[in-house]
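Per-chain residue numbering starts at 1, and chain names A, B, C, D, E and F are given in the order in which the chains are listed.
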Amino acid sequence: MKLTHYDRAGRVKMVDVSAKVETHRAAIAGVLVKMRADTLRAVRNNPKGDPLEVARIAGISAAKRTAELIPLCHPLMLTHIDVEAKFVNEGVEIMASVRTTGPTGVEMEALTAAAVAALTVYDMCKALDKGVEITGLRLLEKSGGKSGSYRRT
Amino acid sequence: MKLTHYDRAGRVKMVDVSAKVETHRAAIAGVLVKMRADTLRAVRNNPKGDPLEVARIAGISAAKRTAELIPLCHPLMLTHIDVEAKFVNEGVEIMASVRTTGPTGVEMEALTAAAVAALTVYDMCKALDKGVEITGLRLLEKSGGKSGSYRRT
Amino acid sequence: MKLTHYDRAGRVKMVDVSAKVETHRAAIAGVLVKMRADTLRAVRNNPKGDPLEVARIAGISAAKRTAELIPLCHPLMLTHIDVEAKFVNEGVEIMASVRTTGPTGVEMEALTAAAVAALTVYDMCKALDKGVEITGLRLLEKSGGKSGSYRRT
Amino acid sequence: MKLTHYDRAGRVKMVDVSAKVETHRAAIAGVLVKMRADTLRAVRNNPKGDPLEVARIAGISAAKRTAELIPLCHPLMLTHIDVEAKFVNEGVEIMASVRTTGPTGVEMEALTAAAVAALTVYDMCKALDKGVEITGLRLLEKSGGKSGSYRRT
Amino acid sequence: MKLTHYDRAGRVKMVDVSAKVETHRAAIAGVLVKMRADTLRAVRNNPKGDPLEVARIAGISAAKRTAELIPLCHPLMLTHIDVEAKFVNEGVEIMASVRTTGPTGVEMEALTAAAVAALTVYDMCKALDKGVEITGLRLLEKSGGKSGSYRRT
Amino acid sequence: MKLTHYDRAGRVKMVDVSAKVETHRAAIAGVLVKMRADTLRAVRNNPKGDPLEVARIAGISAAKRTAELIPLCHPLMLTHIDVEAKFVNEGVEIMASVRTTGPTGVEMEALTAAAVAALTVYDMCKALDKGVEITGLRLLEKSGGKSGSYRRT
């Protein structure tokens, strides 16, 4: 097994996608923000509006900035970004889904969207509960490109 | 318990720190990038140089952009950012430590640095192993400010 | 009357605030997004949640980026940003309020927050009504600094 | 009439343009920066060079950052951005024109360019006249895409 | 000879590439960071790891932000960025190579990558030697587009 | 001699300025954009306005983004940025001057402003002359901070 991000001399390098064909690409990532029951109650009982909307928006915005944050990511023209956030027993579950037509996949974009949405939920809860934990950030599905489809089992 | 990021009408709001005194603030966050044994071996055996240096640098850069990513974070003049990344049995363990002198804490900056460093490790491994998981992103310590010190147990 | 942003040779210049004392500064800006009655109804009748929350969040985020957008603005550590958006007869009225402790005022930050919140409302309505108009973007109040307080009459 | 930026549950969403064909798109937006006669005179009489050049450049730069400012905008590879600014009786009139080849239109890019150019003119005048007002920010023309051409009457 | 970035009235303008065909484009730029022999020794003798890795990463990241830094540059989807940095007798020599498929060339992206990598080497050395100099930043090669290939002699 | 940007294990690190006192800091950097005589003539003869204004504005904007470009730079609240650009026999000479009150110096900000202004001049000339060279980017003066003043001889 060989890392694609290092050359033979061990120096970091970007993968060259100049010769790759542009195909439809999609990726879905998930993450859980775990919190105490009383913290979760405080978030859910927010008087009006949806307290998770700000996390969704932060996640969508972050996906567009993935190539600025992750040094070896290629810039990509994303055609769709969707971030869902819902209350579950243990806290808030987030799913981020990203699509593009391009020469490389959007796994990092989906993971970045999920991570920043989770950090935004954390930011909202941190005055109540310093023990909130972001866990299980992982790729759930991807499709498109030479390496084909993947679905986490 | 009341969320600090929502007003009485349930609308999102930034905490007003205009009247807070500037004090020394510090925070440390940790995270684990879990991967298969053979993936970990491939990363460790990278021929020359330190394969985790790029993750450290990405984490340091990301801490400086926290207020751009997290909508309700205040901009802060960070005086120190340190990101450590080391190989452990299960994968790569990352610790991010941030300091400032300012009217509000740097928990989100430390967590953002740790998250982006972890995503960068993920990016490096993703061609080998799509099952890599980022887990246990949490605040380990904080000090400074009215709410005092915290240390995760 | 002399422009502060030009030197004697007519070249653009930033105002030097190195010798100014840091004081509390505040500014409030307002703007109106005018739309047809049926467009306004469609926005108000959005099934759940507050359709203006995304505009508020975009405005808050934009205030933090004022110095990146306006070439001669100084970077400032904002201590508070608040964006209100409410339905009025003619459309959506937005008020943005910004505070800092610093050597120069936050008028541009308040105006930028209001402008970007208004553009975000526009973005939401543009598929329904291409004639939406953003109007009356202006400073309502400012305080702090040598030039003292101002209130629009 | 239904908002395209909300799903059936009332949550904010980006429009999915993955299946749209790439076509030539263009949009033109206009805005007026209204100021007192003596302020306008001071700006016009700037000794050398064109005092509106900085506003043009700020507008061009801002168009490229539209997707960072407006949460639900798609990133687009703009092929042309032009910002004109000229003195008129009431102040400074700005026109921004943007083009791309892509799956969605550039109305928001043209409006953002015009808005930021106008804010930059405001910044230049604000020491002289706190009553300057940005008004009539609106789409003048668009072409390309399924919804066809539009020209404001 | 006529400048492409100015219109007939002498106002700055972006080149309109809307009608240009997308072709493969490449550019290579070089630069030298000149330093004293003892400074160079201190950099080379850095105990572990490659002291130039941070410069390479900064250069790669900067290439992706060229259109944000250079007002009249078009945004481009870069398909490859490579930055090499090596010790030579006089200091550190940097070569940056960029590729895209697009309607305009990537000379500015290669030069920006080289410049920021050089500035990062400077940052590393500045506590030891304030006389470090960045010199010979120039285009070495380009290919693709109507103007054809170029190779510096 | 020891590099301040590496720890004992050879890993990159940011200098911790948490305990440093805030003092007035200033730095001036210079650079030359060398071009053929006929290219220089074409730039100088630009019909109206000052063809170097766009370079000045790009340099000022870039200084504010130094901490985003150079990984180990601290964010700083700059109080003044000035970029001069003038025609000389060999091409265009640029001087950038930056000030702040802070715990660390502004050398990198001055150098970044000068570099980006020079790249912007290059961008303007590149259609006429691919051999333009950016040379002699160096610190001319600095003051403030424990290490005291420096003036290049």
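A few points about this structure:
Methods note: a residue touches a chain if its C-beta (ideal position, glycine included) is under 8 Å from a C-beta of that chain, and two chains touch if they have at least 3 such contacts.
On a predicted model such as this, the values are computed, not experimentally measured, just so you know.
Taking shared numbers over all numbers used, the chain A to chain E interface scores under half, which places it in the different class. Chain C and chain F have CA centres that are 31 Å apart.
Between chain A and chain B the centroid-to-centroid distance comes to 15 Å (mean Cα coordinates, whole Å). Contacts with at least two other chains are made by residues 10-12, 48-50, 53-54, 57-58, 61, 65, 68, 71-72, 77 of chain A. An unclassified topology is adopted by the chain contact network, corresponding to no line, ring, star or complete arrangement. By the contact rule set out at the top, the touching chain pairs are A-B, A-C, A-D, A-E, B-C, B-E, B-F, C-D, C-F, D-E, D-F, E-F.
By the touch rule above, chain C contacts chain B in their complex via residues 24, 50, 53, 56-57, 60-61, 64-65, 77-82, 84, 99-101.
Of all residues in chain A, those touching chain C in their complex are 48-50, 53-54, 57-58, 61.
The part of chain A that touches chain E in the complex is made up of residues 10-18, 20, 67-68, 71-72, 74-77, 102-103.
Residues 1-6, 8-12, 31, 38-39, 41-43, 46-49, 51, 53-54, 57-58, 61-62, 65, 68-73, 107-108, 111-112, 115-116, 118-120, 122-128, 130-139, 142, 147, 150, 152 of chain E are the ones that touch chain F when the two sit in their complex.
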